[in-house]
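In what follows, subunit A forms one complex with subunit B and a second complex with subunit C.
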Partner chain A sequence: MTMTLLSVDGLSVQYRQGRQRLQALDRASFEVSEGSRLGVLGESGSGKSTLALAIPGLLPPNAEVTAGTVMFDGRSLTGASAKELEQVRGRDIGMVFQAAMNSLDPLRPVISQVMEALMAHPGVVENRAAARKRAAEFLRMVDIRDQYHSMYPHEYSGGMRQRVAIAMSLAGGPRLLIADEPVTALDVITQFQILGLLDRLKQELGLALIFVSHDLGVIASICDEAIVMYAGRIVERGTVHEVLHQPKHPYTEMLVQAMPRLTSTRGEFFGIPGSPPSLSSLPPGCPFHPRCPAVLAKCSAEEPEDTVLGPGRAARCHVVAAGVRS
Partner chain B sequence: MTSVVAAPGPIIRARDLAVEFERRGGRRRGDPLRAVDEVSLDIGKGETLCIVGESGSGKTTLVRAIGGLVPLTSGSVQFDGAEMVKLGRAARRQLRRRIQYVFQDPYESLSPRRNVFDVVSEPLRVHRLARSRQDLEKHVAEVLSQCGFEPATEYFDRYPHELSGGQRQRLLIAAAVVIRPDLLIADEPVSMLDVSVRAEILGVLKDLQASYKLSMIFVTHDLAIAWSIGDAIAVMYQGLLVEYGTAEEIIRSPRHPYTQALLQALPDSEGAMGLRELSIRGDGLDSDRVSSGCRFEPRCPYAQAICTQQRPPNVGLGTDHQSACLRAEEISLKGVSAGAASEARGDPGD
Partner chain C sequence: MAGIVAVAPAEGQLTVRPAAAWRQLLRNPRGAVGLAGLVWFVGLAIVGAILYKNPLPTGTTSNSVFLPPSGTYWLGTDQLGRNVFDEILLGAQVSVIVGFSATALATTLGAAIGVISGYFSGPVDSVLMRGTDVALALPALPLMVVLAAILPRGLLTVIGVIAVTSWPGPARIIRAGVLSERERTYILRERAVGCGEWRIVWRYILPAVMPLILANAALLTAVAVLNQAVLAFLGLGDPTHASWGNLLQGAFDGGAMLQGAWWVIVPPGLCIVALVLSFTLLSNALSDVLNPRLKAS
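Presenting the complex of A and B:
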């Protein structure tokens, strides 16, 4: 039986913006088992990055966890001190962001930056010589050939720099990697190579992964399970196969259809009318109801609760709850 | 509005078009960067040509050179039969009316102080295409509703901050087509938008194209989008066209190994990363070297001796399916077939 590594329960986050309080995350609940890969799918403003930042305690100063808990390997992260969280980050939970490839120091060779990441964690390497040896291993692990190790970041391509960022995020030997849009600014071939690398690292290191993306295809390529976010809510969760092929929430269903495919009929465009709501002016009731084709009377009046459809399978939708949809 | 009687022949005839940029510093200062290298192509009237390539492949520079926004280093571009560099002032002004652009970023392209009516009416006023205020309003309302703003007059007084990203991009499209250009150059027009609103933009472009008989050059890095909107697709690699053909030919039966790699790399709902293989080598870093042969050779799994010795043929002239691969006749490449996904997707009820 697989062990639960991360458990998020009823997590809510608010941002203060002037006198307003914006609900960026509303009662998010899910679990990540050891060695499993969870995709977090959402459009802009859906709360997916807030979720990625809230787990390791990296929310900006104007954000606040207003409810809920995050448990990692039996320890509460929501109740942890700043100092404890600092130890968790890197050592237990690694992180890679979209702009990670631009965070390398342009004035220092790549390998010495990886060495620094290794030495930042007590007990990982004993001395500089060991750190250099280990750093070279890490770079090889992410397919950076030896002749490039002593070069500077500007001599690397974007994809290579992103691979270095992944190597550095793994320096402390984490068991969970949170990757927020790690391939978004990259070309398809580079993107493919990074996804292949993350896939391989999962096999080799038994790493669990939370992969945040707006791209359904990318999540389908690499994840086992997926949560779909809309307006700060997790509107659906299930296995990637379930979410993709048997979506329950009308938003998920339409999003899957909206994905451009090489196998679809040319000249046919399927979108969702309207656009995602702004957090500062959410519609009453279900935030998706103004764009929803299956809307019921109560959808504009009352916010839906999660309807549990099975283990790890749920949707937050009145229509699903009413059992109108099969 | 006066309509210019179109001459027969293609709207764009580019021949041996090259664009070089000066390198300002670094190790290779003085050695010009050849962003577009001897590209020849024709774009038929009413046709949509998609230019596909990775970042740095020269696709944006190519379309800017075609539209006259970037000076040519060599070669020529004819617009509807007229040589663009030889045009006088008045003809250039006229040309600017006939070629319009839509760019990637709808957030940066609009002034926060100008409302929807100002944005869409300005081109009409600049080119003196409206006889009266009433006429102006009529044209603006007409094009806005064609771009999905209904009822159009209700949007006249709105400012950009009141519009969503998708609405802003539709507004910019309206401002581009209100003066009835012959050619619309759209450079990654949906790349910054959410997936759920992309379809709306593509649908508007497709409708406008049909109703205005627009020719369109559509630049994208996404083959799935090129497939959905393009009649023809040109694939660029390092400043060169490497393959040209109908959308059907490029996607279903590619004839250049680079196109095949792009198709293989495209993530889709088939999933299972580990099961797929990409027929491309290396990380693209070695390809900076100047080769007398094919530029894709260092990364090509099909490369043989001939590929380092012989310069590949130019593609893009004519309408048949063409590949710049020296071994195109000998190798067999795989495209994405129409049935592939439905098979992987399984039955709806599974």
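Presenting the complex of A and C:
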């Protein structure tokens, strides 16, 4: 049995917007074991990025954790001070962001930025010369050849920049890497390279990975487990195979069907009718019920709770609950 | 397309490499003229400091008052029979010293307040910006006059008074630059790497807004030079050191206008205009060179 590295329990996050409070994350609970890979699936605005930012305490100032805990390797991150969180970031938890184009400082050569990441924590490298050597090793690890090390970010392609961002996130030797849509803006060939790189790093460094994406194919190809988010709630969880091939929640089911296939003929596509609810006016009951094909009477009255379907397998749905009971 | 819009600003910033920036500045007509003026007056100040031991020339004889320009007195003499050319040369020192020192002080203060206020937002920002609003709302000239009148006379007072009245503008401008810079993804990524907030401010935010600070400092120097002349003209400068403002004041009080002694009034006036113009042109060129985004629009 592998050790639990990260455990998120009942995590809720609200954004203040004027006088309104928007519930971006509602009682999210999940665990990540050492060396395992968790995919977080969901549409725009489903709370994926909020979840990713909340774990290392990087939420913007207008967001607030209103309930729940994040435990990393036995330490509470939700109760940690700003200084303690700085220690955790980079050293224990690395992070890669979506905007590869903008995630490097345009004013500095690439290698000097990797050096900065190494020198952000005391004790990682002794001096600048050592930092330079280590930075070059990290860049080589992500397949950036030596002649490119002293170039500026604008001389790099999107994929190269994202690889540099990955190298920087690994500089402090973290055990968990949170990747928030790391391949979203990249073309498929670059996507393939980045995914291959992440997979290789996982093997070589024994990294645990939280991979946030709206792309089912990407999640299927890199993750062991998956959670599906809708309107700030985790509506389904299980192994990637279970979630994508035997989805229980009607939303997951429709999401899988909605994915375009190479074998489909022109004009044949399937979408989920309606649009995701606005966080400022969530429908009563289950937030998915206005779009749900299997809607029950109680769906609009009462919010469903998790129905546990097995170890690590659950869905938050009245229909699933009714199906289990009958 | 969206991609081009997103990439252009980041690439534009790269001209900030010092060597390239110098070359561009010299190629820019305004930059070249401004820089030439600056070098010229700094040169005058240095020559003045080397040639003259006494910072305030004394008059020669009683019958040498308001002599027109001649072979002996290149720019004539003033109401006390002093050589105007000597005074012009010595006055350059005061203008250059006050201009640079007051700007250094005001820019440091303004940059510190702007950067802290912009980066740390929240209550810190509110307090600092309300303070800046108050300082901005006070009329600069009366405040300078009052302060210079109650503080002991001297160059340090002049520098301090000018600095105190000119930091709020830069603070505001720099804060605005920081506000847009801190929202960049690479700042978030830097925090995700575990970089401390002060380290981010020092190593990322400050260099990113440096073009703004520099261009603004050049403009501030122009204003400081002018303010020094104003204070000296109002009799609130340093009376122990010749300056262009002092020269104008003396000429005005001594009735140079009635005597038709234009040579006491025109040279210091032209010097002030030329130095102020040099710094203004330089500032203008600097913001073009360091911030090409502005030039495009």
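The definition used in the following text is that the second predicted complex is superposed on the first by the 318 of 326 C-alpha atoms of A that agree within 3 Å, B and C clash if a C-alpha of one lies under 4 Å from a C-alpha of the other, contacts with A are read in each partner's own complex, and residues count from 1 in each chain.
In this text, a contact is a pair of C-beta atoms (placed from the backbone, for glycine too) under 8 Å apart; a residue touches a chain by one contact, two chains touch by 3 or more.
This structure is a prediction, so every number in the text was calculated from the model and none was measured.
Undergrad: After lining both complexes up on subunit A, report clash or fit for subunit B versus subunit C.
TA: These partners fit in the superposed model.
Undergrad: Does subunit B (first) or subunit C (second) touch A:Arg128, or do both, or does neither?
TA: In the superposed model, A:Arg128 contacts neither subunit B nor subunit C.
Undergrad: Let me test your reading of the model: by the given contact rule, A:Arg16 touches which partner, first (subunit B), second (subunit C), both or neither?
TA: After superposition on chain A, A:Arg16 lies in contact with neither partner.
Undergrad: Given the superposition on chain A, which partner contacts more residues in subunit A: subunit B or subunit C?
TA: B
Undergrad: Name the contact category of A:Arg140: first (subunit B only), second (subunit C only), both, or neither.
TA: Neither partner.
Undergrad: Measure off the angle at the C-alpha centre of subunit A toward the C-alpha centres of subunit B and subunit C in the combined model, and quote it in steps of 10°.
TA: The vertex angle at subunit A equals 80 degrees.
Undergrad: Return first, second, both or neither, reflecting whether A:Glu116 touches subunit B, subunit C, both chains, or no partner chain.
TA: second
Undergrad: For A:Met101, is the partner it touches subunit B (first), subunit C (second), both, or none of the two (neither)?
TA: The second partner, subunit C, only.
Undergrad: After superposition on the shared chain, which partner residues are touched by A:Ile272: those of subunit B (first), subunit C (second), both, or neither?
TA: first
Undergrad: Between subunit B and subunit C, what minimal C-alpha to C-alpha distance in angstrom results from the superposition?
TA: Nearest C-alpha atoms of the two chains are 9 Å apart.
Undergrad: For a test of understanding, state which residues of subunit B touch subunit A in their complex under the given definition.
TA: Subunit B residues touching subunit A: 54-55, 164-167, 194-200, 202-203, 206, 221-225, 227-229, 247-248, 251, 261-274, 278, 280, 283-285, 336-342, 345-346, 348, 350.
Undergrad: Okay, in this complex, where on subunit A does subunit B touch?
TA: 43-44, 143, 148, 156-157, 159-160, 187-189, 191-193, 195-196, 199-200, 203, 214-218, 220-222, 240, 244-245, 254-256, 258-264, 266-273, 275-276
Undergrad: Which stretch or stretches of subunit A touch subunit C in the complex?
TA: Its residues touching subunit C are 56, 58, 61, 82, 86-91, 94-95, 97, 99, 101-107, 116-117, 120-121, 152-154, 165, 168-169, 171-172.
Undergrad: Spell out the part of subunit C that touches subunit A in their complex, as residue ranges.
TA: For this pair, the touching residues of subunit C are 3, 6-7, 10-11, 13-14, 16, 121-122, 184-186, 188-197, 199, 203-204, 207-208.
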